[in-house]
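Encoded as structure tokens, the structure appears first; notes follow it.
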Amino acid sequence: MKAKLQTPMIIVNFKTYLEATGCRAVELAKCAERASKESGVYIAVAPQFTDIKAVAEAVEIPVYAQHIDAIKPGSCTGHILPEAVKQAGAVGTLINHSERQIKLAEIDAVIKRCNEEGLISCVCTSNPPISAAVAYLNPDIISIEPPELIGTGIAVSKAQPEAVTNTMKLVRKVNDEAVVLCGAGISHGEDVATALRLGTYGVLVASGVVKAKDPYSVLREFTNSAK
Amino acid sequence: MKAKLQTPMIIVNFKTYLEATGCRAVELAKCAERASKESGVYIAVAPQFTDIKAVAEAVEIPVYAQHIDAIKPGSCTGHILPEAVKQAGAVGTLINHSERQIKLAEIDAVIKRCNEEGLISCVCTSNPPISAAVAYLNPDIISIEPPELIGTGIAVSKAQPEAVTNTMKLVRKVNDEAVVLCGAGISHGEDVATALRLGTYGVLVASGVVKAKDPYSVLREFTNSAK
Amino acid sequence: MKAKLQTPMIIVNFKTYLEATGCRAVELAKCAERASKESGVYIAVAPQFTDIKAVAEAVEIPVYAQHIDAIKPGSCTGHILPEAVKQAGAVGTLINHSERQIKLAEIDAVIKRCNEEGLISCVCTSNPPISAAVAYLNPDIISIEPPELIGTGIAVSKAQPEAVTNTMKLVRKVNDEAVVLCGAGISHGEDVATALRLGTYGVLVASGVVKAKDPYSVLREFTNSAK
Amino acid sequence: MKAKLQTPMIIVNFKTYLEATGCRAVELAKCAERASKESGVYIAVAPQFTDIKAVAEAVEIPVYAQHIDAIKPGSCTGHILPEAVKQAGAVGTLINHSERQIKLAEIDAVIKRCNEEGLISCVCTSNPPISAAVAYLNPDIISIEPPELIGTGIAVSKAQPEAVTNTMKLVRKVNDEAVVLCGAGISHGEDVATALRLGTYGVLVASGVVKAKDPYSVLREFTNSAK
């Protein structure tokens, strides 16, 4: 059975930042857990594959993988087996992140593998029509992230509000249930508040939290704006 | 500094077999450790990324990753950071396995990243000229595995002895130091003995050990033949 | 401006068959032209890149490329420039064929490039939800081809009629205009007739025509059933 | 049988420049032919796939493809069949250009396909060890092009003479016959003269010729320096 989703939600993508690798991944996840427990807001973390197990053992908040492959157990040296991330403690996975894009038929196949293994599927997209396209494949979460804003500190919710509202509108035509997030450039509480006001259920963040001097404070600012 | 290599050597690739995922990866690594300690033969294990840390904490034998990407820390969601596998406890990595092949310039870049991070580099190749080509890029280990024999139980050392001896000969023309292994179909002690007789320093095995009813016994058979 | 589409339609994919390479590509295109002129049915041909120009000069029926890249003119050695296939005489292109799949965001980008250059976009898909997903990206043609039937001689229209009707239904929810074709295993006039009865506008064929002893006769059988 | 190579040689890569697409590809090839005939220097051109046939019919100088795939005739929609570029009139092909890199085992396989079809194989490399690695796979031509200089107008022969001389030295250890070229930033006759003085047999050029106001004059400047 899939872990339950709660909204509003914040997913923190650790990418391959050194600030979020190894022991520092565990520390960062603990900050996220503290911010989540204090606020009651759903915060999930997406560390690197090698850190999933230690993070999942250290915290009670949900842990996502950053990618999985649409493979079955067997002879796939160097690939990411859905069963392996699940056994390590992940409850979900990012799919098709702009830094790890996959073919259309693979997105479909990975979502099906997620359903088989009870993993939450969070597909990343880059514009409204692509988001709507993905909605037809029935992932649990769709996160729109205009690639040109990733890592800029210019929040999608402020710079491209129409991309967010169009995504909501197009997705809802074909899919009543998918949780819609937005990401790219989210750095301030206000960015989160705007994202929710535009109709999304939360945000996918990375550098805004991971690279912050005090990630806990940033997350508290986010959760304060999310309530 | 790089961990020391010892020959003869056996590397066990766990691939994405369920029999070698999660707790079963740790169990299998313990079998390998027992066989290594009892025999004095160098045995390394290459579990999935998600299992590296738990395996490295559970055993004292060397742990390898199955792949790393030629990336620097930063924005590479879903990729394999050399620093991350190192911090998880890996001392080396497979590179360009036939199930996870990479571009030529990437092989060169990954070997350089290994050197920067003190990771042992083990490049997999499919025929003698390709092995010799790779020898010029100065990896620590070159493992020739004719893809048509992988998973067949027909040992490369018996079916294609000339591929192994040609590899040795061509590699030595340009590289005095690289450890040369052979793999594919290795299932019996005799396959290992033949591999060593042909001049290699050991074997890369997968299903022959992982899928065996009693992996420990198979490894002991290998180590007996390796001495 | 885009060339006009006409239904029912038959697109013949020449793949990389020797029977449809070089002069034999031109001959085959002439057979298709004859069948088209005699029957009044729209038949298009999709030869290899190297044959587009000679084929387009030899026949008056529409010529499609088998793939294009989502690139702008410049430094993309070895890639397929939309402007280049257009200047060679193509009026459209296959996109995301199961033998040449691309990333989701690339499908979106290639369709946009087609619109810029006035090329007809024909996106291949493998199942109904993926077809519906693609419908949101507004290609001119969507062709569903279950990969497991390609090259088998077992027609999709007979073996998986529900895949075809579901595709029609899902696509029409979001897109009123896209021409829907089906492909895989189409070898007999009856397969074409069934495809049309199921609501499609025609078929995408390959080996059923290219590998036939007498491609002209097969195409005439198809056009007879298409009227 | 393979077409004969002659040194010194100049290969002009047309990339996907609009200035070298369609009729303009033919015009540019004619300039190259004129410069070649007047000077007696071997000049080959590498136009896009769609232009190979028209170029090969218009000029007598050698025509290369920009890439081929290591495939056999059959079901490879959208890929580049060696037989197809040959039938279109190409006598050779670039392989592994920095803008179209392939896996190591594919380089080996493509070179073998070239030998089967009698096509000249020209493998592009990015540094001396990679060049030497490739030398073991016995291509006809090895062209070293440091990617950081491509398109800059800063000639490899002047900016990195040691990269060129090291390449020569390492390649010759294992391969007596391969023609070694250098490329990247070649824009003036002096760049060509320097390249030859360093021991290479010629140059691979692109923007320096294609983007020039008067490509013929640039080529004549090159051939004057090449004699």
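Just so it is clear, A, B, C and D label the chains in written order, and each chain counts residues from 1 on its own.
Basically, a contact is a pair of C-beta atoms (placed from the backbone, for glycine too) under 8 Å apart; a residue touches a chain by one contact, two chains touch by 3 or more.
All figures in this text were calculated on a predicted structure; none of them were measured in a lab.
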item	value
From the options B-D, A-B or A-C, the pair that copies C-D, where over half of the contact pairs coincide	A-B
Same-residue or different-residue interface between chain B and chain D, half as cut-off	same
Centroid comparison with chain A (C-alpha atoms), farthest chain	D
Computed distance of Cα centres, chain B from chain A, in Å	34
For chain B paired with chain D, centre-to-centre distance based on mean C-alpha positions, whole Å	37
Mean-CA-position distance for chain D and chain A (Å)	45
Numbers and ranges of chain B residues touching at least 2 other chains	98
Chain-to-chain touches, reported pairwise for every pair that qualifies	A-B, A-C, B-D, C-D
Contact set on chain D toward chain B in their complex	96, 98, 101-105, 107-108, 125-127, 129-130, 132-138, 170, 173-174
Touch list for chain D against partner chain C, complex	13, 15-18, 21-23, 48-54, 66-67, 71, 73-81, 83-85, 87-88, 94, 97-100, 150-151, 206-207
